[in-house]
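Labels A, B, C and D are assigned to the chains in the order they are written; within every chain, residues are numbered from 1.
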Amino acid sequence: MSITYLEAIREAQAHALRDDPRVFIYGQDVGAFGGAFKATKNLAKEYPGRVLDAPISEDAIVGLAVGAAIEGMRPIIEMQFADFSTVGFNQIVNQAATLFWRTQVSCPITVRLPFGGTSGSGPFHSQSLEAIYAHYPGLVVLTPATVEDAYSMLLAAVAIDDPVVFCEHKLLYYHLKADKLPSEALPIGKARIAREGRDLTIVTYSAMLYEAIDAAKELATEGWEIEVVDLRSVKPLDTDTIVASVARTGRLLCVGEAWPWGGVTAEVIARVTAEGYGLLDAPPQRLNAKDTPVPYHPNLWAAHRPTARSVAAAARNLLRQ
Amino acid sequence: MSITYLEAIREAQAHALRDDPRVFIYGQDVGAFGGAFKATKNLAKEYPGRVLDAPISEDAIVGLAVGAAIEGMRPIIEMQFADFSTVGFNQIVNQAATLFWRTQVSCPITVRLPFGGTSGSGPFHSQSLEAIYAHYPGLVVLTPATVEDAYSMLLAAVAIDDPVVFCEHKLLYYHLKADKLPSEALPIGKARIAREGRDLTIVTYSAMLYEAIDAAKELATEGWEIEVVDLRSVKPLDTDTIVASVARTGRLLCVGEAWPWGGVTAEVIARVTAEGYGLLDAPPQRLNAKDTPVPYHPNLWAAHRPTARSVAAAARNLLRQ
Amino acid sequence: MLQTVTGPGPVGQAGALRESHLAAYRFMLRARLLDEKFATLYRAGKIQGGVFLGRGQEALSAATGVSLKKTDVFAPLIRDAAGRMAFGEPILDAVRTYLGSALGPMRGRDGNVHRGRPQQGLLPMISHLGAMISVVNGILFARRLKGIPGSVGAVCLGEGATSTGSFHEALNQAAVEKLPLVLVVANNQYAYSTPNDRQFACADLTDKGVGYGVAAHAVDGTDLSACLEVIGGAVARARAGHGPQLVVASLLRLCGHGEHDDASYIVPKLKNSPLGRDCLKLAEESLQQKQFADAAQFAVWRSEAIREIEEAVAQAQREPAPDPYAEKWEALSTENFNEGQGE
Amino acid sequence: MLQTVTGPGPVGQAGALRESHLAAYRFMLRARLLDEKFATLYRAGKIQGGVFLGRGQEALSAATGVSLKKTDVFAPLIRDAAGRMAFGEPILDAVRTYLGSALGPMRGRDGNVHRGRPQQGLLPMISHLGAMISVVNGILFARRLKGIPGSVGAVCLGEGATSTGSFHEALNQAAVEKLPLVLVVANNQYAYSTPNDRQFACADLTDKGVGYGVAAHAVDGTDLSACLEVIGGAVARARAGHGPQLVVASLLRLCGHGEHDDASYIVPKLKNSPLGRDCLKLAEESLQQKQFADAAQFAVWRSEAIREIEEAVAQAQREPAPDPYAEKWEALSTENFNEGQGE
């Protein structure tokens, strides 16, 4: 058996629907059609009345989920693309994210954001919005990079009593495969050492993990041992694991697919320099997408985002310092 | 004569309307009423047909401004509170911010955001959203801290060919006064040394400037000379001026009123550590609001945001290292 | 948090009518007096943040509150002191929130009109207009999923808020799901200073109903009997499964947008029109005419209400303010996910 | 970028009618053929990103385009190849954008249906549905401020997009400002896979007009003559100062949502209903019946169009792709405000 990242997301939802009568799914085309990416394939049939097509009304979609959560349900919302969450933005950041703090009534909603760049998708079907949501208090922002995490973290997201923005990378949907679904997982909020090393730490998450690992492999041929940390969750952020890794390597490169200003990479560096300053043997560096919208054309797209090659180049620079 | 920060904003708009027929103002209650804060007082009368009340439709308000900009106008949009820009969000970050890059047609709109905490205003009339807008490519994000800058930077904003998010701090509206309006100003994108010092650099912006300056005064009585940098513009961000200051002081404390995750303070630290690492004699630190919504009650509000006292305490800690 | 002010009255339909009128009137009266108290406290500098009054809108608001069951859902807005009390909100919740008592339902985190108790079906508004409607939809939707029948959700709104995208998306959503939503729009002719002709261009706001496939009902918002009848009817229809109901009440706000505002923009023509009549006075006249109550009775109720309000104020003023050192600075309910970074 | 395909015809009203029919038909035909070419290229793996066709919607789209002047404003959507060409978009703009030529109007930065030339009044859509309407409002509003009279702005939309808050806010805004906006809604019964009964609950989408104070017009979207008449009329009314016009066309999309979609969710009942008829075939029948043109003429036009398309494709395929090294990675037009940080 082999299961893709996308199938894992579908399985997690099936599992949640099966085990928890409070769970329902709401979003555009998620019903009979099974979703734009087929992440809810057959679920409407298997769980009648609990997987429902929504109108093109992102604000009302999220609002409905918050109300249902107040009433004790555990809604899973699918945005057709992360980019469209900007029109449901207010309900996420002001309604869902403030509810518990204001009222002590928790707001267990999961907002699934199919996100990130894919070739040819252009400025409005490629965005990485994890930093936007992480800036607001009251949200948990998850960025699974593996099939196993896609499954276990989505299950965990549904079980969390707080609103979760679940960033699932579209580039990983079909290509990333695992042999089977996991029965155990790291807790939410723990980062993972995806590859061990001692010369430099690359901190990254989601699809960029694979660029980082490829870069590490390339650098291994040059004799460097690169440690790669997969954040898994960008809020909460596991500073301890990062600092411990930097303590071993003395060098830090943060890699993110989002725009540079105030992204995950800036946050990681601000934390490491505050808490683990003495551990660094060289200035911490970051590598992000360029500060423009995500281009449509494959040539431009490939140059807009960090790649194994640009990660390796940045790492080499840093190793030389 | 004495002029407030709010009056300076009104004067800048009057000036822009007078000198440039392409300018008009659109927003809720900005017409005969003169705006919720009176930032457009009398302008509808003085410039008939060019200062118009809008319906409660932030999305359409910004959209209209973008269309007018395409047609060569220079609209100024007033959001009643920055917090409500979340429902006009998509038009700002996806329509306005991408237009030039996609089409080479520039989008000279100015979106005025009365922002920041004031006592008793609570979670939805107090937010600081500069980091949210700065994360997106294609926007200029300005945060004037003085009466002079409120005036000259708003005039500059209207003249800029790109969309500007103009963050004007409500706490400064009435209390901050100057003798007269400036005839010259630093260019947009240049930070200002608001106070010179040699022991530690505090980088801050907007209303926090005054907490930083008060902290510096307090620390001066203890023999410390604190340099205070007023960013003025958070995007573009004047890294050079910051690094030059850190080169003089060896210590960096970043202070912001916004939430911590991925805020201006994280961005500043990430830049300084990348570009001026060797200049630091101690780990760079940051001080932000707490990671919760902005509380209503004055007691809580005062503890939620950084104050001269907490800034001084953080600086003292850092000076000891 | 339930309170009832109706004693056992005459039986039958006439009795029920008398009862609902008297109940609603008493909530109107208390709301008016409570609002006046808040205005006084505001002028004395005792209140932080904005004070928003329902003056002129009490009939509509009270009629909404008394038309609901305590198991229903209610999302009031800034002018709904009357409806809140009618739905069961204790005066003390209002007073504590306005005076910043740590014992209020929002514990100083949110204030004034932003109070509520979601678990009792009373939603605390966020400020973004229109945003509460879909939340009420969600509660009604969830109850349907859970097989809990018969609930209605009422949401109050100003006419200005009908211009928001949230209003549109949520009303359409309710119509598609055929939810028992009652949307009560107080058309008080202004949104802050903005007159209706800068807000919408339809001849009448009830014209919006057909475009959503939603029944729409117009009512004279100054007339308590009419409000009780129309809103009561709308609530009954929603409860009976006829889907969302849109009620549009015409009236005038007899005060500023908030207490900081002198409302000088309200044109005399409107003030002097039937819209400008005081619903509380009209209700008193009508109750006397109907022989449901007399002036002496009004006076008794008034002094009872004043006493209750004064007691609540005195109590709240003795209560502690929130303590920032005892405050948990945590936005998430999952304790270990909260981060203190950046402080 | 203007193109005209109408030769000098017979004079008078009958002549104008013939001319507009033939012009529209030729744009329909070209759009159909262009779409088919894109579908073929897509299947051959020659196109990056989604391919969205207007099959079944060409009559409506072409009628919209031919009803506009070149100085008007047009915001097409994903199914408007016909309307775009009728408004003046060269085939080459479409082909270059779909094939990723660096010489296309979006220079590889945006693709496929996201093309346009704002300075020629042709707006390149962002993806967020409903978001273009207020932008068109802004252009019309600005022209009024500048004293440029007589422009109309046409915006195309699917019925699904009527559920967006943006649609609502913008249509209301246009009504309040009495802007010469023509909103053309293609009710093709589905939004992606979502059928109308999950999208809205009004009996007919034209019922929405009255709630905005906007004139609404229904039209059979499969019937070119009807589309020309109704949209032409709506454009004329908008131009004459009667404020926004809402046109709702009933039809069916005769293809998938995009070329990746087999549209298996479209129920046979609809396919076999009058909505499912092919507007292009109907137009040919009608043109023949009206003796405006005959089959031989159609064949000539068809081969002309094919030749033009093939030439454009051949040209675009020879053109360079965008060069990432020559690319300016700058989102702001103010050169020195661009930052390279974080790279």
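The criterion applied here is as follows: a contact is a pair of C-beta atoms (placed from the backbone, for glycine too) under 8 Å apart; a residue touches a chain by one contact, two chains touch by 3 or more.
From a predicted model like this one, the values you see are computed outputs, not experimental measurements.
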{"item": "Relative to chain D, chain with the most remote C-alpha centre", "value": "C"}
{"item": "Between chain B and chain C, centroid-to-centroid distance (C-alpha), Å", "value": "36"}
{"item": "Chain A and chain C: spacing of chain centres that average the CA atoms, whole Å", "value": "41"}
{"item": "For chain D, residues that touch 2 or more chains besides their own", "value": "106, 109-110, 114, 126, 128, 163-166, 169, 172, 176, 198-200, 330-331, 338-339, 341-342"}
{"item": "Chain A residues counted as touching two or more neighbouring chains", "value": "54-55, 57, 59, 83, 86-87, 90, 94, 97-98, 101-102, 123-124, 137-138, 235, 237, 259, 261, 263, 265-266, 270, 286, 290-293"}
{"item": "Topology of the chain contact graph, where touching chains are joined (line, ring, star, complete, other)", "value": "complete"}
{"item": "Of all residues in chain D, those that touch chain A in their complex", "value": "47-49, 100, 106, 108-112, 114, 126-130, 160-161, 163-166, 191-194, 198-200, 265, 321-325, 327, 329-331, 338-343"}
{"item": "Of all residues in chain B, those that touch chain C in their complex", "value": "28-29, 31-33, 36, 53-57, 59, 81, 83-84, 86-87, 119-125, 259-261, 263, 265-266, 286-288, 290-293, 295-300, 302-304"}
{"item": "Footprint of chain D on chain B - complex, ascending", "value": "24, 49-50, 54-55, 57-73, 75, 87, 90-91, 94-95, 97-106, 137-138, 140, 160-162, 188-189, 235-237, 239, 270-271"}
{"item": "Complex contacts: residues of chain D adjacent to chain C", "value": "163-169, 172, 175-176, 178, 197-203, 207-214, 243"}
{"item": "Residues of chain C defined as touching chain A within the complex", "value": "105-106, 109-110, 114, 116-119, 123-124, 126, 128, 131-143, 145-146, 165-166, 169-170, 172-173, 176, 330-334, 336-339, 341-342"}
